[in-house]
Structure formats: C-alpha cells, structure tokens
C-alpha cells in the first residue's frame, strides 16, 4: 500500500475512517485502503508488535461491509451461495475470507477481510427482492488483541466476555463504553482477537475510549499494517 | 512510654521498616503495617480525637473501621479513619473537628453544658422569635460537620470494573475461608473479599493467649492459596447488595462490581459495648479491639487493665491481655453465675467479680484517660447497679465484652427476614432470598468448630443451588452461655453512659425520646439520630433496640430493627462516580467544521456546528452574515445529524398512513410530503419529510433530537401492526447537506447531470442521481429558502460533496451556515419547530397545522384525541408577528410573556432580527382573540418594558 | 443560649408530654378519616381543626408518622414553577412555611438558602426564562442569572462541569429553602393532636365502604370505622387506595432515590439543581450533602436502592465539584413517587361522594405540605375545592385540560 | 444492576433496556365514547401486581413483552409480541 505523508488536515478526495478525527498525531501513517483513508501505523513496528501482545487496538473501518435484513434475507443469502450462521446472534466465515454476522434472526452483516469478495459480489446485485432490505453500513470497526483485552472489557462492558462464558461463534449486541456495539471473538490472521463494531458517528469517541484504557493497561494504538505480514 | 510488645506471631507489621509521621504537631514513629491509631496508641497517645456533639476526648474503641470519633486529615484528605488507614512515612496528621487541637479542644466546653443540649434540643429552640433564627442558624452551621473539605483535592476518577464469579464469599474469617475451600474443591470460581488488610478474621486475634491458634490460621490460608480458582481480595469491602447478586467491592484503587451466581455471607459480628458512665474515655475499648492491638500491631492496650464482661469472651480477652504483658486487675462479670472460664483466669491470679458491673470509669485528672473503675454489684433482673458497696479499682484501661451484633447489612439489603434468637441474644437470618447463604457469627454460630461446620453447610447449600450435588450438613444451634448479654446497660444518675459514640447519645436520651412519643424504633432513630452517624449504628443499634424494648416493656423482636441501606461503609464519591463515559457523535465533516472555526452546540449526543464566526465577529454578526449569504447567493449546512429512516415493503405507505397524520397512499413516487407524529393524546412529538423513492420505499428525514425515539416508536408500531415491511435506520449511514439560496440551483447544476429546472424538479420532490461523483438522494425542500436541495449521501462521502459544492459555489460567495443560523432562516420562512415552538402539551390545532391532518383517515396515532380536542374551544394559537419597523427598544426574547394587563395571553416561542427584511420577527402563542392578521399584542421584555407586536402573514419574506 | 434550654436543663425529669397521644384502637366513627400519617395527612388534620373546628378526625397511618416520602425527600422548598397555577399554589406554601416553626412551636430549621436551577443548554435557558417570566408576573422572586452570579454564590462550582456540560446560566430563586422534614410531620402531628384529632399509627386501611356512590366507612386492621368523609393522602400508596373504591387515575409509581454524605464543615450555602446532569444538592444543618437525581425509569412499588443511581449521581457531582472525589456517601435510600402525566398534583373531590384525593405528589410533595393540608381541609369542610387547586382537579384529564408543569419539573426538586 | 432477559439476546443488565410502559389494548376508537378514550389515554392501572410491559433492548433494537410483578420487581417471562411464547430458555446466556 502506498504510505501517505503524515498529514492531519482533512482530505476530502477519499473516504476517511470515522475514527480518524481521534487519530491525529505527527507519527500516524495513513494510506488509502479499499478506497478509505485509514491509519496504517501509529508507532514503529516493534512498538506496535509489543502493544499487540498486551492490548492492541486497530482501526479496520476500511474493511468492506454489506448489510441486509428481512424475512427472506436468509433465503436470499443462500440463493447467492453465501454461507450463513444457522442460529441467531452467531457468525461464520464464508469461503474463509468473508465474515458473516447474523444479528438476531433475520439481519446479516458481511465483512470482507483480507481478500474476501462477498460484499463486492452482493452489492453488485441491484435487483430489489421482496422481503430483503439492504442495510447500508457505516460502521467504525476495531480489532482488539493481546493478553489484557478482557481487562479492557471489564471496564467498558458489564457482560462476561471470557471465552469460558461465550460460544466460539457468539455475536454479542451490547453496550461498550455506554453505546451500542457488536462484539465477537475470532481468529484474525491466526491471532485470537476480539472485534468491535459501532455506528461510525461514534467511531472517534469509541477510539478515544479504547485507547485511553489500552494505554493504561500497557497497550495502545496499532496500525492496520501490523495485520498484514 | 511505648506500649509496643515483642514481635507477635502473625502480626501485620514489618518491623524492619520504620515510619516517621506527625500527629497534632508531635513527631511519632511507627512500623510499616501500623494504622494511624495503632501507631499512636503504641506511642502512648491516648486522646486520638473528639466526639461530634460534645467534643469529648476519645481513643480506640473498635479498631474495626467504626471508630468514627477518630477522624484525621493529612491536609489533603479529610475524615480519614485512623483505626484502619495505614500510616505512611512523612504523614502530617491532625484530628478533625477541633478548635486548638485534640488535646485542648476549645469546643470541649460543650461537654460541660451538655445538660443544655438534651435529645432533640434543636427542635425545641432558636426558632422564636423568628427574626433571631438566622443568627442561631449560623452558630449551629458553624458547629456542624466533621472534617473540612479540601477544595483543591484532585479530580480522581477511579476505574470501575465488572467481574463475574460462581461464588462470592464475603468475609475471610475461618468461616469464609472454609466455605471458599469447599466451593473451590467443587471446581467453582470463587471470589472471597475481606475489608481487613489480611485474611483470617477472629482466628488472627481471638487466641485466649494460646500461641498455637496462630498456626491454625496459617494452615487454613495455605489451603486456600492452594486453589487456583479462588480469588482473594483483602483490604476491600463489599459495599452493598443489589438485585441479582450484584455486589460492589470497594478497594483503594477503585470499585469492582461483582456479579455472582451465589453469595455466601460470612461477615461475622460487631462487638457491642456495655453501657456505663464514662464508657467512652480513652482507654476504655472493646475486648476485640484490645486483641487486635496485641496480635495485629504488637501493641499492649494498657498496663493495668480491668476487663468488664457479660459473656465468656471477656475471659479470653483477659488471657490475651495477660499474654501481652498487661496486668489484669480484675474481670468484672455482669452475670451472677460464674463462668466456667473463671477458673482459667483466677489460676493466673486475676480476681473475678461475678454479678458485678463497672458503675463508672474514672477519668484521669486531665480527662485524657482512665485512672480507675468503680465497680459494684449488678441486679441482672432489674438491670440496675446496687451501689451500696462500691469498690474502686486502679487501672489505666478497661476492656469491654458484652456481646455481638451480626454484620448483617448485606443480608438485610437482600431482603432477608431476621428473627431474634434468645440462645445467642442476637438477630439471625430466618428466611434468606434464593442464592444467598449466611454462615458463622452472622448466622448466630460462635464456637469455632461449629462455625467451620456451618461454613461447610452453607457452601454445600450453595453447591446444590448451582445444581451440583453436595451432602446435607447440619449445624447445631448455639448451646450454653449466650455470647451476648440481654441487657448490658448500667443506669447512672449523672448519665454520660454512652450508647452511640458517633452522636454522643446516652441512655437518658432514649428515655426522653420515648416520653415524647418517639417510642418506635424508626421514630426514635430519627429523633435521637442513633445510628445515623458515619458508623451507621454498628456499635449502637442493637443496644438502642434493647433499651427501647425495656422502656416499652416488650420483647426485643417486637421492636424490630431499622432498615439497612447501602453503604456498608461510607464510600467515596470518586469511587462511585469513577470514570464516566460521555459519549458523543460526530458527522464526517466534524474536522472540517473545527478547522473552519465553527462554534459547536450539543444536540443530544451530536456535536453540531452552530455558526462560523470570522475573526472578531460576534455570534449575532456571524448568524446574520450566514443568513444573508443564503438569502442573496447560497449557503450550505451539514444536516448529517437528521434522523433518516427507510421504510421498505408493500405495506410501506400503509404504515405511514397509520403512523403519521397526513396522506401517503396516494403520494407519487418522486414526491415528498410533510409528516407529523403525534402521541395518543394528540400532542405533537416530531415532524419531518417523507420522500417516496418507489412504490414500496419511503425515505424519512426527521429532527435530530427525536430521531432515535421516533425510530423506536416505528419499530414498536410495526411489532403491533405486523405489516409486510422492513424498517432501516440509516441515520448514521447517511449524511446530509442542504444547499439553499438563489444560486443553489446553478451551483448544484455544475455537479450533476440531473435536470434541475423548477418544472422537472419542483419543490417537494425527490430525485436519485450522481452529485460530484457520489450517489445521492436530492430532496427539494423549502425549509430555509424557496430554493433548497437536501443531498442525502453516504456519511463517509459527505466531505467530498461538501468540498465540491464549496468549490463550485466559490464565485457566488457560497458560505457554510450553522444550526443557529438555520433557526433564523426557518423563522424567516415562518416554519414552526417542534420542541421550540411547541411544548409538551401542544396539539396541531394550536400551531395551525390543520392542513397537515387527514382526519377522515380510518386511523392514525392521536386521531381519536384530536377528534375530542376539535370539539373544545382553542385555548391558544401560534401566530407570526413582527415588531414595528426599525424597532429600537429592548429586544424581546424567547419565552417572554404576551400580556394584557394581569392576564397572560401567551408567550414568544421564537424571535429574531432578520437583516434581510430588516424587521424583528417571531412566533408567539396568543389567545384566539389575538390571531387575526394585523392584531396587536404586548410582549414584556426581561427588563419589564412592554413591546407592541403585530400579527403578520408568513412567510415573512413575502410581507 | 436560649432561655427555654436553660429551663429545660434545670428540670430533672425531662419534657414528659408526648408530641401526640397513643390510642389503643380507633373509635366507632369519625366525621373525617384521613388515610396517611405523612406531612400532608397530618397537616390536613391540623387545619381541619384549626381553620374549620372539625376535630372528630382520625389520621390512620399504616406504619409510623412521617415514615413515607415525608421522611425520605430532600427537603427542598421552592415555588419557581412554570404555570401561573403552579407558582401561585407553591408560593402560598412557601409563605406558610416561613412562619411555620413559630406557629407549631417547633424548630423546623426552615433555612432560606437560595435555589439555582442550572442551565447547560440553550433550550434549558429558554425554559429558565419562561419560568422566570411567569414567576415575576405572579410576584415570585425568580430571575435568570449568568455564570458570574452563580460563581459568586457558589465559588466551588466548576462552571464548565469538567468540560462536559458548561453552565450557560441559571434560574435563581431567592426564596428556595430547606427544612427538617421529620419536624414538619411531628409538628403537624402535635398540633393536630392538641386540637383534638387522633393519630393512629400501625393502623392499616384494608377496604373502603362505598354505598351508592357515597363513602360510608373504612375497614382497618383495628376494626371498622364509620365515616362519610375520607381523605386519601398516601402518595406512593395512592393506587392501592383508589383501587379500593374503583377509582381510575393516571398515577403510576416510580421510585425516587437520594443519598447523603458524611458530615463535613458547611461550604455549600445554596441549593443547586442541574436538569441536564440530573443532580440536585444542598448541605444540611448537620453538614451532610443531601443529593438526589431524577426518577427511576420504570414502575416499581418499592423503596429498593440501585447502584446505577448512585453511580450516575456521583459521577455528575464530580463534574460539578471535582474536589469531592474522596468525600464519602454514607447512605442511599428511596421513596415511591406517585407520578402524573403533567407533573402536577391531583387534588380535590372525586366522582365518589365523600372521597377526597390529595395525590400525584411525585417529586414535589414536601414543598406543598402546608398548603395542601390547608386547601384539602378547606375542600373537606366545604365539600368544594378552593380556586387555588381548581386546575389540579382529577377531571382535568377527561377534559384534556392538563396543566403544563412537565417542562419545569423534569428534574424539579 | 438488575438483569432482564431479552428473548433474542439473553440476560442483560437493565441499562441496556428502555421501559416502554404497560402493554394495553386500546378500545375501538370508532365505537368508544370520548370519556372512554380519555380514560384510555390518561389513566393507568397503577396498583401493584403482575403487568404485561413493553421493553426495548437498545443495542439490538428488540421490542418485547415482559411479564413483571411491579411490587416484587420479579420478571416471570419475556417474549416477542409476534411469537407469543417464552423464547427465553433457548436464548438465555
């Protein structure tokens, strides 16, 4: 990816991560990924790797997403060879690369992670189908990694999110730092991580909050680059 | 002279670490692990504090976190509890609430005039004649309070954590530790909490002088340490019980909110003082306090001690005192029947006086301590001292053991029913809510072996509650002498026999309160203030109940207890408040607004740009400049915070018909209609625009502040109506820009291929097209200007469209405008805004919105109420008004009243000066008589001047 | 030191006379039965006797007098309401309060401290001006003040509220006061008792006898009482009583919580309320900070405490007073607030002849104690409600003529 | 904080929910009298007891019905209005 020169001024030519307003700083490296300007590095690779081990927070709002819901949504997904979770509030991977979250019973969110194409594929379908309604997504999305991640949740969320308390594929719609958010555990590039999504307009607030606590716990901001080896 | 003993087995001190500090200007040394009280006591300092009301000298009472007469300040913090706060090197400490120091407190005169201050005296005086009260009030306010608050204390926001466990054990004494082991053995996740710095409870200090006891504790702690699934938290207290087993655990560094599946309460019992004259002198302390001094802090409580007891525990205390090197002058036992343990102490050369009481303690000349005790026979039936033959015993301290009160606060808070168990003269749980279990002293079980057994019983019950199998264990109730005396009270003509040390309440205060009619426990508590001090009655409530029972000649259980409320110990605001989360929402243009000098305003969670003052511009100037731009060329506003909701599906139109007041079934695709939402009572909730994008797709835009609530109500209605449709809230996904003004169309035309001619794209229509390379929904609205386009585009793409519009509009002098300017612009257009020009009771008729109502529809929310309201005479109506041309007087403001003589006709809801039409214009509620065009009414300004307003047509622009 | 304390001290045997007699059981019949021995019920009994010479009156209290919301509220007295009806009514109450200690010969510690309702938003400022204008018009001393005047009265207040909610101004209400809530109940009890009314504690009403639309008696756990007039003044228990006579009302019960700190030397001289931060606070004559917040968000007939209440309240206290971090909360508690849709009380006659309602006191009952007692006594004596409470009549809901207090009272204590 | 079981999302702290008032059947507005309607709009069955109530789980946007005793504050069952059955068991976490 082409790294841009650090610049905190707003760039209006590309989409910008909703968390960006909270990510200014001379050391921040930016790049445009999936047509969105995103922070790729906050510190040296060594520092970021160290943070990841304790508590790394990474902004992945730039991952493509696609949402749809409705009584026919599940059927429609199947019609388009999309693997969907069988039970409500759980997730699965479609062809290894696209995350499929089932919110409640009849709403779905896709997220193309590295190399996934499901969102692209479905968003290209323009025909509107009875009982299926597109849900435009503008999430702020984050990856949390490291040994102290549960300490962070202990302060931000009242639910028991320990692995022992969750099923591997649970999708949790709850409140994090006082706002509605979606939380899951997944393995990302071979690393066990927690994921958080919230409305993009809360992205800057969520980032500030996550970082404030991450830093207290000995971790901190980790750029997207640290997730692409 | 130092009272420090040789090293005690299991003491909490690190004698290799010396600590220097000062108290009241004097230098002291201590060891690491000392509390402030233990360090001072070891150094022979007896007067540690002054009482709240009478300013009497006080010393160690409990050493168990309810010595609230011993509050100190280190100059930063105040009301620090010296009996439990660890002393630190370099501390500079002073007692609170004294004038001239703890030794010579100038306020101690109050003690000598205490007869003038009987119970409830403040109700009986100072109020007549009325004019003098303010003077007395000042005097009393001066005397009030304990410590002085430090206004420079740092704003520390402690972290607050949530944790979860299977079993929460409260209290790490032998009972709690045993219960924890049983639960852990079954593989459960156990958290055990104890307020003391170290675990062990009474096992650590109640030794009857027997060193071997220490090893019993060490073994138990070793066993606990062996379980990886036990989390031990010491130096932290369970502050209260809240529904569904939520218990906040308060430690120095913050609060942990524990959500437990079950709770085992093994919180033990508070030792209760017997009541006799001068039982509050420094040197008179609870037996358990003496034991804590000895075994935790290696401090000899006194040199020549008298033990006054009303149970067998006092004899154990005597043995511990002997072991510590205190000469025990005598054991004075209220009970006529000699204790089986009496022999134990007599053979150690201690004289025992059965059937005797301490009639009064003798104060040393300077009242700073004890010089002796007058004892005499005690009539256990009548509960009076038999003063015929008094004996004076020389001593420098008195240890008191009269009995116990259960530390049952959390049990009470959980809704436990308690009953009085005469075998132990104590309240014990009779019915405990599901999932909560009590064991040990709090359950009325006192013998060590029985407590261990009771712990197993409770733990097994907890296991069974969690669905595990565990054998039934039976606990035998207490047998033999009661650990608590039924009435350890010694009346004395001269009084000063204290029941409540926080509030200086004596026996006679209860007698008097009862005489005045405050003879049930709740009224007595309120009148005497017993138990209302910072220790929450830990050492006084039980005796108060006993005294009241005696006064009313009723059994104790008939008196009952006062309600227990959180907190178990007073809990710092900084802990409870902790780190708060102040969430806020930003539009994707936020940085742009900030970089262009926007002044922000909070609307709900949103930060909105209110206006953009240029250098040196006032708010008013900025707003007028921005408004003029819109009137003369063009302006753009970031409307991304508007509520935006899509209604998909065959029944979409039907849904709108029911939900809003207007007609939507016949609405053409590509057109927009006004929507108004009412509640069932016909009151206006919100309004907005419905754009029909397809037969089965409506796109709604509503106000910012109500967006979430409106969507929520739509979801609820859909739950009830079960129509064939889907609701999608796109508030955060879509942003919106409104470009308005005469040049708006020309500017927009440069960025889109869409035909913008007024014929093909008239007011109140919607189009979907590409603007500046971005897919957009264009809505032709006339909210702030006849020519205006709302562009609804994906939130993340708003900035690029925004910039494109600015660039394209540059040559026209386009300006961004904020939400405050928008207020003025819509006023010029004559639009009323829900929440601004309406209030919590305004119905559509009152704002002249009949045009928005389709009363002939079969149903819409609020319709039936409107039918009723329609029959009633209108009480007020919103009108547009203007002030006289070039009005120069005091400008009226929102909410100034419309008056006619004394009568209030209504109020101004919106007002502003419009530079464009050069008039002060506004909207106001007036009585129907004043609504005709040209009618005049008077507005009273803030400063009382009366301004004439004339009703005019809207929009004002056309006047 | 006042003379009477000297006299008092000299007496060996202390005061003796009970504030109010204790009676074994109620009589067979009374002219008026008042259900509820709180401030309102006792005040009504007092004024029935004093103003109207009606003394054959029984006050029936299920628990102990003043044990309900009278003893649980945060004792703020004020009259800076939004509607002229409201302002007039509460102003009349304030005027009685000012002389009440003397009248009842009991020091109620009625302490006029000045009351600031802080505004953190433009819309709050609008409401403040609205209230100020109505107050002024009715002759009540209220005005909108700026931050500097607030700072003068309370220099410790962080006007930026730790940057979270900067204070734009406030409604200042000079007559705002606090009083000893227990004292008010005890004083009226003693007054009523001395004038002949009977106060029966631990006396619970089990049912109310209504024959062809008229009250004819009440059944209690201490026997049946004949009476033609019953006043229901039970605040949080209103729905349980109105159910006995099949009377429908809009009243729902929400807990209202409060808490108090350890005593500290007085520093907060004024009463502060913040609508946006849901805080109201004053410092008692004992030196405690007495703090409350808005209603619990859902219906419960219980006085249980919740942790989130005290967490939210203290976090906002820290925004206002950052230095309070280590001041300790001693105790929290709750009362049951009988809420109405328009945040105004329901007073006067009902469709049932002889059944009078003094209810809907939500979070504003204590401040109305004297005037509600006086006007309800008047209503009972004349079987007709005085004009002062006309707009609080129960029938206003059927008439769609609600009073518009809601705007002012959202956190109005 | 009290726990409440959302039929879709399981047991959650009360702070995640919004109270929607008592679930009530409106009278037929075509046939009912003005005073019947006024009573429906304004009056409530305020006496303590078992109530059917609307509750809303904010994070997931789920409206559901809770049967709750307003005296004990105990919830006996929760379910979606559409599926009038208790789906808490299989969902409860």
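Letters A, B, C and D mark the chains in the order given here, with residues in each chain numbered from 1 onward.
Methods note: a residue touches a chain if its C-beta (ideal position, glycine included) is under 8 Å from a C-beta of that chain, and two chains touch if they have at least 3 such contacts.
Model, not experiment: these values are computed from the prediction.
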Relative to subunit A, chain with the most remote C-alpha centre: C
Which of A-B and A-D has more C-beta pairs touching across its chains: A-B
Distance from subunit B to subunit A - Cα centre to Cα centre, in angstrom: 35
Subunit A and subunit D, separation of their C-alpha mean positions in angstrom: 33
Intercentroid distance (Cα basis), subunit C paired with subunit A, Å: 52
CA centroid of subunit B to CA centroid of subunit C, Å: 22
Per-residue overlap in subunit B, given as positions that touch at least 2 other chains: 160, 242-243, 246, 257, 681, 865, 868
Contacts with 2+ other chains: residues of subunit C: 304, 306-307, 341, 400
Shared-contact residues (touching 2 or more other chains) in subunit A: 158-159, 165
Chain-to-chain touches, reported pairwise for every pair that qualifies: A-B, A-D, B-C, B-D, C-D
In the complex, subunit B residues that touch subunit A: 159-164, 257, 259, 579, 581, 583-588, 590-592, 595, 605-606, 640, 646, 648-650, 694, 726, 728, 730, 732-734, 794-797, 799-800, 802-803
Residue ranges of subunit A touching subunit D (in the complex, touch as defined): 88-89, 103-105, 158-159, 165, 170, 172-175, 180-182
Subunit B contact footprint on subunit D (complex, rising order): 1-3, 18, 20, 26, 29, 32, 34, 37-38, 40-42, 54, 56, 61, 63, 73, 80-82
Interface residues, subunit C side, partner subunit D - complex: 238-240, 242-243, 248-253, 297-302, 304, 306-308, 338, 341, 397-400
Touching residues on subunit B, where the partner in the complex is subunit C: 52, 77-79, 113, 115-118, 121-130, 133, 136-137, 140-142, 144-158, 160, 240, 242-243, 246, 248, 257, 413, 508, 511-512, 515-520, 522-523, 526-527, 534, 536, 565-567, 570-574, 576-578, 580, 582, 601-602, 681-682, 835-836, 839-841, 865, 868-869, 872, 893-897, 899, 902, 904, 907, 940, 942
